[in-house]
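The structure under discussion is supplied below as structure tokens; questions concerning it will follow.
Going in written order, the chains are labelled A, B and C, and every chain counts its residues from 1.
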Amino acid sequence: MLFSKECRRILTSLTFIIYCFVVGLFFVSQYFEECNGVPYVPDEKISEDHDVIMHGAVDDLATEFFANNYVCYPYGFYKSVRLKEDDSKKVEECLLEVTGLTHDELMDIRDSGEKYYIERGVQETMYYEIGEMPVSDTITYERFCELMGKVDDILGGGSNYKVDDIVFRYSYVPMTDEEIEGVISDLYDKDGVAGGYARLFSDYMGIVLGIMPVFVTAALVSADRRKRVSDLIYTRKISSFKLVFSRYTALVVMMFIPVIFCMIAASIQLIKNFDFSDLALYRMFTLPTFWLLPQIMIVTAVAMIVTEVFSSGIAILLQFAWWFHSNMSNGERLSGSIGKFDLICRHNTIYGRDEFLLSRNDFIFNRVFFFIAAIVITALTAYIFELKRGGRFNGFRLFGKDSIFRHKA
Amino acid sequence: MEKKIEIKNVSKFYGRKQALFDIDLTIEQGMFGLLGRNGAGKTTLMKTLAALHKKKSGEITVCGVPIEKAREIRAMTGYLPQDFSMYPSMKTDEALDYLGALSGIPKADRKKKVTSLLRKVNLIEHRHKKVKELSGGMKRRLGIAQALIHDPTVLIVDEPTAGLDPEERIRFRNLLCEVAEERIVILSTHIVGDIEATCENIAIMDEGRILWKGTVEQLIDNARGHIFTSNVEKRFIPQIKKEYIVTGMLSQNDYTTVRIVSDSEPDLPNTVLTEPDIEGAYMYCLHSSGCDVKGGEE
Amino acid sequence: MASGCLAKIVSSDTRHNFLLHYLAAIGVLLLTPVIFGVSRLDEVLAAQPLEIFLPLMGAILLPAVFMPEQNESIRDVVRSKKTAYLGVCFLRLIISVFIITLLTGAFMLYMKNMDCRVSLRLFAGSFATALALGSAGFFASALSDNVIVGYMTSIIYYIANFGLKDKLKVFYLFSMSAGKFGDKHWLYILAAVLVAAGFAYRKFVKER
């Protein structure tokens, strides 16, 4: 059967062996070792109090605006932004609307503040000690978010005012001892322990699974070309649809197997470290499957289509860019927000069930979306494969005559 | 300097598997054919002669130069591999120019040579086509052009006609004969007809050994008295194929004329001794050296 | 070598086999200021783009050295010529290293112009990182004869620097960003060893 044949081909490919090794190594070095220690218990929580959020953000925005120096982390790396006059004007308009002040009142606040200096890099920036800023009574939280989004756009992204993150940045309040107790008991009562560990497991494994499948896929697909068997395959009777989907399923299944082994290892570790009656062990399998399988699927599907249409090198480059973007744009915050279209979903904590549930709907949408997208893309790949078989399509050319960069007469 | 390749006691291993066993051969100017089944070791021997593989033991000299001096050997050898291929996005003339540069031909000469060679192999109209757009036959002709670009004394072509249509095949053979006039041309093939049409001297290889060497006439002489034809009923054919080496069949109504290679006259009706052809002679040679060739050619 | 041959080899090779790679390297260069701040940085902050992003040029260029002849029949044709095949590969390596030097240098001049505190040791460090990252892929592709395995190795090495960090000891790529400037010579040693080993394998094992 074709499926088992493809599986055997994958099993004996060097890229797959390296893939298994890396998945295993990453599991042990990141998750396994961390979970042998005492887990970190958070001492802050999200209050979701809109007043707290708005006050915090407005104070920061005013401070940075007066100094005209905005610290951003667009990809988790430090970048200081200075605005030109007209951009600065736009930020001021937002600030005025949020505070409900006039231009003169704002300047008064600045001028009454004491000056101080902070050194970052080789620059010393002058700040004003302005105390707490007012927030307009009439402004709604929705309008506030809209304005902050505008500011973030002006700053080029990654600022303190990024809408997705604003809740997490400004509404952390210290937890009382009772609340800490509550968080810990949540792990036992609501998560069955395994649920919390499953999130951490998925978080770590998602990082490698956001990039590694591209190599196995690109190698398998381009091996056809390399060994010049394309012509043979093209003339075989089997339908393109069946061929492409058999190969795709084989890839996804084979690449998920090492992940399953890691789940088993994680479960054994849980059984060793916890009372068995506390464990809802099935969660170590259900959640990571829901979390990671669509990710393997989408990475594989994209790798397949790009390798088929362009080349394996471009597939790798593209996937690396996507991985880098998804991984780094989270910045330093590794838990909490999961966007609708993030390739890699992060939630780097065992506790924090409530925090996770905040973006539960987005998370579910995200995974279902990628699941369906992967299947659609694979169907498209089959269609392209069919065209290639008939000799009606031979991949895009980037340069020269008939390149996709040139208009055809 | 004498134009001659001398091969003495050459052995070659791939890992633990021995691919060549004590090869002894002298090849002189003109066309030399290396005949053998797929996997007989022809390609290995040819790659060794082109200094692409290192031998394990023995001695090879090409026109007096020991094979170990790979640079010198490569300078006087042209090589066309079994399925020639080149960077797909290069244009035909540029590919030739590039390979000429790798051969160390100065720029001014290269230009002239590229044009004249493309003309010679009939590719001059396709010189702006990319390599990947060439047909199998055109690619092979580009292959022979690149092997000739530095005017080598020795030309090594591996299975040059495999996969070509009959017309292309004849054209390719003629081209080879033309260039063989003042060189040593070594040609390997598993298609007996190629040898008959072009080579005087041949060697037959099997499982890494030279089974036989000599001229085409000698090969045919050897087989004289061992090739028969019989006229048999069709239904006996499977049985006959099992017992004898069948090299040809011609059907007429319910009867079939079969050509049989055999040590002694086969016990079949209407059997007559016939003049050997090269195919039969080749089969007889394999058979008399102990190779299992029964079942005929499929 | 006869006149015009070297020029022909380099120009054809660049146009047909490596143009996309060189463009991708320039793409990395152009993306750097988008991802990182590049104005008024002190030495440690300036090390971030120079160490974490710019060296990806090495990962793009070096593993591809053997790529054009991954098809064995092309390799046989090229190897049957007088010019030593590994010599051509070495030439490619030199060109790639030269391009990395040039682009890194250009980028640092740009940073200097943006009032960053750049220094020679930053340059040496960035260059070493690119070489180490690239040579890991170079070595893997030399051994496996598969450029995908080469890229895979480079990227695994890169990711390991985020996951394992200090566990990589002297082979940690981002040491300057952590304020340590003394370990970079190990990366030069690593790169030299891997490149030498890659060529040695090709010469003595693969071409036997």
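Definition applied: contacts are C-beta pairs under 8 Å (C-beta built on N, C-alpha and C of every residue); 3 or more make two chains touch, one makes a residue touch a chain.
This one's a predicted model, so the numbers in the text were calculated from it and none came from an experiment.
Of all chains displayed, C has the C-alpha centre closest to the centre of the whole protein C-alpha set.
Taking each chain's centre as the mean of its CA atoms, A is the chain most distant from subunit B. Work out the mean CA point of subunit B and of subunit C, and you get 44 Å between them. Here the CA centre of subunit A is 59 Å from the CA centre of subunit B. The centroid of the Cα atoms in subunit A and the matching centroid in subunit C are 28 Å apart. Residue positions 71 of subunit C each touch two or more of the other chains.
Shared interface positions of subunit B, i.e. residues touching 2 or more other chains, are given as 83, 89.
For subunit A, the set of residues that touch two or more other chains comprises 228. Contact residues of subunit B toward subunit C in the complex are 47, 50-54, 71, 74-75, 77-79, 81-87, 89-90, 94, 97-99, 101-108, 110, 143, 146-147, 150.
Of all the residues in subunit C, the ones that touch subunit A in their complex are 19-21, 24, 34-37, 39-42, 45-46, 48-49, 52, 60, 64, 70-71, 115-117, 144, 146-149, 151-153, 155-156, 159, 163-164, 167.
By the touch criterion given at the top, residues 1-6, 8-9, 12-13, 16-17, 68, 71, 73-74, 76-84, 88, 207-208 of subunit C touch subunit B in their complex.
Listing the residues of subunit A that touch subunit C in their complex gives 14-15, 18, 22, 26, 29-30, 72, 74-75, 77-81, 120-123, 207-208, 211-212, 215, 218-219, 222, 226, 228, 312-313, 316-317, 320, 328, 398-399.
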